[in-house]
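By written order: A, B, C, D and E. Residues from 1 in each chain.
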Amino acid sequence: MWEKLRDDFYQNFIVDDRWKYITEGLQNTLKITFFAVLIGILLGFLVAIIRSTYENTGRLKILNAICSVYLTVIRGTPVVVQLMIMYFIIFSFHDPGQIFTAILAFGINSGAYVAEIFRSGISSIERGQFEAGRSLGFNYAQTMWFIIMPQAFKNVVPTLANEFIVLLKETSVAGYIGLQDLTKGGDIIKSRTYSAFFPLISVALIYLVMVMVFSYLVTLLERRLKKSEH
Amino acid sequence: MWEKLRDDFYQNFIVDDRWKYITEGLQNTLKITFFAVLIGILLGFLVAIIRSTYENTGRLKILNAICSVYLTVIRGTPVVVQLMIMYFIIFSFHDPGQIFTAILAFGINSGAYVAEIFRSGISSIERGQFEAGRSLGFNYAQTMWFIIMPQAFKNVVPTLANEFIVLLKETSVAGYIGLQDLTKGGDIIKSRTYSAFFPLISVALIYLVMVMVFSYLVTLLERRLKKSEH
Amino acid sequence: GTGTKTETTAKATEKAGAESTAAETKTAESAAGGKLVMVTNAEFPPYEYHNNNEIVGIDAEIAKAIADKLGMELEIQDMAFDSLIPAVQSGKADFTAAGMTVNEDRKKNVDFTDTYAKAAQVIIVKEGSDIVNPDGLEGKKVGVQTGTTGDIYADDIKDAAVQRFNKGMDAVMALTQDKIDAVVIDREPATVFVKDNTGLKILDEAFTEEEYAIAVKKGNTELLEKMNGAIKELKDSGELQKIIDKYITAN
Amino acid sequence: MGNPLIQVQNLGKKFGDLEVLKDISVDIYKGDVVCVIGPSGSGKSTFLRCLNRLEEPTSGHILFEGTDIVDKNTNIDKHRQKMGMVFQQFNLFPHMTILKNLTLAPMKLQGKSSKEAEEQALKLLDKVGLKDRANSYPNQLSGGQKQRIAIVRALCMNPDVMLFDEPTSALDPEMVGEVLNVMRELAEEKMTMVVVTHEMGFAKEVATRVMFMDGGYFLEENEPVEFFEHPKNDRLKSFLSKVL
Amino acid sequence: MGNPLIQVQNLGKKFGDLEVLKDISVDIYKGDVVCVIGPSGSGKSTFLRCLNRLEEPTSGHILFEGTDIVDKNTNIDKHRQKMGMVFQQFNLFPHMTILKNLTLAPMKLQGKSSKEAEEQALKLLDKVGLKDRANSYPNQLSGGQKQRIAIVRALCMNPDVMLFDEPTSALDPEMVGEVLNVMRELAEEKMTMVVVTHEMGFAKEVATRVMFMDGGYFLEENEPVEFFEHPKNDRLKSFLSKVL
């Protein structure tokens, strides 16, 4: 039994440096996640601003309509389908690289969810704050900028940090466009050794450890933010 | 151009009855989603009760610990990895069928998120309700049953209905275990016709329409619940 | 096409070789900077599979030999089998060499080079299975790899429940776990699968017979002709057979 | 006077390091109307909530009808049925009609039939002038109406004592009166009551005893006239000067 | 008396089908301290919020220093700088220190240097007895302190009129006094004020005019002594009998 486990471990990770499939995959997973989160936050922030402005003032009507379509389509379809559309249809004539394609697809997907995070962050600020700003004589943009946004941003920082964790797990389907991410790394080992146990469990463990570490960091962040709340 | 589109359409859907890949896939997608949601709600409800009870009374310590592990592991790993572990490792000696495997994997996954929905539903009920029940002489279980649960359940019904939409999209990775769901149905057509546009876009559209219809139903449900709030 | 360095690539070591060929390829629409991008599905031993963080196998070596002859650098990308032809069609890759059988449907979408290997779709079953020939597949659970010829022909098996896996290996694994009754797949990978797993066998009677070729974008006759020339040279010099022998017999 | 209904002995309560109640001893007799006043944060609510163990005391004993309810082995649920509690925020059950709010506990806990429970509920509803709202839902009522219902809900269990925690603080000024009237009637019927309140007028008029809490102690206790007109404790004097 | 500072002409306000303000006309002169009282939901807040267009009036005109601020073309932001507003819920900016709360608007809107703005803020803080809290954050203050800061924040813009919407309703009873004192001082300095309040004592003592609102109209208006001692309108009489 023990012997068998040791041998399996050897077969799955040591022979032919197979562990490298995992480490390389992990690098790609982290790279995609990190940049996709950046795109997501940027996009989500823009969309949230546009939608809040439209709701409060009725301006930016066309931009708001575009945002609505974006949100409906992205939230209405699975990310793996979006990924394939990006790869096989949108970039069918020009290939910017698998990683770039994945970053873009996951970033655009994330943006639709981040927009909601920002929007609920903005609307969680009491109406009174907005009214206090306006009644001092600030215009709409000034009130948003000086009073609403700083509070909203602080409120959503933990949720945004969480978005990193969500995406980390979502990128596990990146293998669909032939990209070697962490999950696919395990798959490749599995296809060499015909044994599912070690590759799958170790991939799962790596995700688990990452998620737990990041969750812990998010908790620390939350605590720090709370402490700085006077 | 028009000619080409018509021909493409013919190739992708009519030849060899290829549209059947889509309709069959759709059936499987709906079947998996529906039963997985049921399992998820059942499991999530149990976990939420156990955790709330532990938090409020300190009882059910061991069950609570088991629940914590369950939540951490399931939320800490991608659903596609869980699906493969279920198929290749847990059911490696006995095959209950791909659909059943998928239902179980997605149901167990969903349960971890539903548990959080229930728990936040319970904790969104003001403490005063609990105290009012206890001060009338109801014990913990009676207070939960007569006073907290009915209110909590009503609060979370829309979110639970939403879970159906979330799962609908998540099941799109079911193809990983060789199961022909909607996404895979499109994949198969793509592999026959070597053209990505029609299969991918039509799959995306079907998801989109389903999500929009279900979202609309959830909105109706929410409105009805609100109206019945006196 | 370009690829970033972190992609699963196996780069031919040879730099752009003979100046004249390099100059020629510059004009070819398919090549960017003397690089040939090949796509394959590296789950198909011995034709292509991952080893030592490289994609190796018969196709990989033949492709490299061709690239050498053309004086170009080779880059290999890995993707799902059913994505290969779309990738070539869309110009994302210059060609695909993936143990791909020539058939009419595919011919409509890509141009094939001369064939370089004979192949057959065979049936893998567990030892002691009651399936003894292709007719025995009727009404059974048959595993295939999505988009392969085996997949396409399996559609015609009467009453069979076809389960389509992204990888041939996953189908074999499902077979060893008794989740399916048989796997229909190309002979060479089947040989490797059966050798690597105890308790499996290949039925003597093949499911179908066919030939492999490399596919390029439809209408890219310049590349097609160059490749045909290279393939002919490799065949004539016996280099091609050496590559095949190395994998089929060495394994 | 007989035995006290409630005997509080050396009651102490800490929240973490914060010592909210320090060493409180007080006897409450049948028919007493005890009003507790004091600055915000002084521990009035905590004291009241200790009486039916909504807060667990950290030290001391509370004998209710002879039983030490601080003892972990006491079935507190049984005793709470005899102690009605009215909250500042009403805490009616929003998912039930008024009638259901009133009959739930008597039916489930005292085993009354629905007919019995409803009869009693309607009688009490009539007394507070809300019989016609029996089939409304709480959110259809005004604050003052809600609080009267909350009082009735507690009364439906036939309690031996009623505990009130600032029952009028969450009300619009116009509605304060209707709630105080109900409480006044209760007092006239000799219900034993402990009332935490900021309504000095009510305390002066209705209380049999007024107690001033600050810093975790009862600093002064007296009958109302003496209490308000000749306060002795300096902190009480300064408190009264601010709120009267 | 000169021209009125604020002239309200036939002001009407509907929320959907609900007609909250029906046809309100009133002139407010420099130095007036107008107290508005009335039952809950009668439209007092709505009236006050129309004055600086936090609510858009549905009909009528409001002339402030001669300009019709209901007109869509009026730059309302400019005029709001001259109208300080104090809310029931304080609405201090929790992410800024007190000093930042006070200097933000003067610096960004009136172009004052930070030195100028801070000097003025500290002077006013001193006046309300909170100079030592300049570097605290709002959540470190008590309700009464917060409200005094909110008043100072409005004063820092040197407004021509101050609007108060039940400034003491959210306060513990002990803290009401400190806020009313600040408002009393303002009145003595001849600040023009419109105050929606339930504090009848304050209205009686400080107001120059008291107005009673109900059902979307001002039903009675008078100087305070006459208003409270000889009310004419029946609804006012019944209202006063409940709240006094």
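To be clear about the criterion, a residue touches a chain if its C-beta (ideal position, glycine included) is under 8 Å from a C-beta of that chain, and two chains touch if they have at least 3 such contacts.
As the structure is a prediction and not an experimental result, all values here were calculated from the model.
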| item | value |
| --- | --- |
| Any chain that touches subunit B and subunit A | C |
| Intersection of contact partners for subunit A and subunit E | none |
| Graph separation of subunit A and subunit C (steps between touching chains) | 1 |
| Maximum centroid distance from subunit D, chain identifier (CA atoms) | C |
| Chain separated most widely from subunit B, comparing mean CA positions | E |
| Approximate Å spacing (C-alpha centroids) for the pair subunit B, subunit C | 38 |
| Chain centre separation (subunit C, subunit D; CA means) in Å | 83 |
| Separation of mean Cα positions, subunit D and subunit A [Å, integer] | 52 |
| Subunit A: positions in contact with at least two other chains | 88, 92, 190, 196 |
| Set of subunit D residues in contact with two or more other chains | none |
| Residues of subunit C engaged with two or more neighbouring chains | 83, 86, 89, 170, 173 |
| Touch relationships between chains, expressed as pairs | A-B, A-C, A-E, B-C, B-D, D-E |
| Subunit E-touching residues of subunit D, taken from the complex the two chains share | 39-40, 172-174, 177, 198, 239, 242-243 |
| In the complex, subunit A residues that touch subunit C | 16-17, 20-21, 24, 27-28, 31, 87-88, 91-100, 176-180, 187-188, 190-192, 194, 196 |
| Subunit D - residues contacting subunit B, complex | 52, 54, 77-78, 80-81, 83-85, 87, 89, 91-95, 104-105, 108-109, 136-140, 153-154, 157 |
| Subunit B contact footprint on subunit A (complex, rising order) | 72-73, 75-82, 84-85, 88-89, 92, 169-170, 172-173, 183, 186, 190, 196-197, 200-201, 203-204, 207-208, 211-212 |
| Residue numbers on subunit C that touch subunit B, as the complex places them | 81-83, 85-86, 89, 105-106, 108-110, 143, 146-147, 151-152, 155, 163-166, 170-171, 173-174, 177-179 |
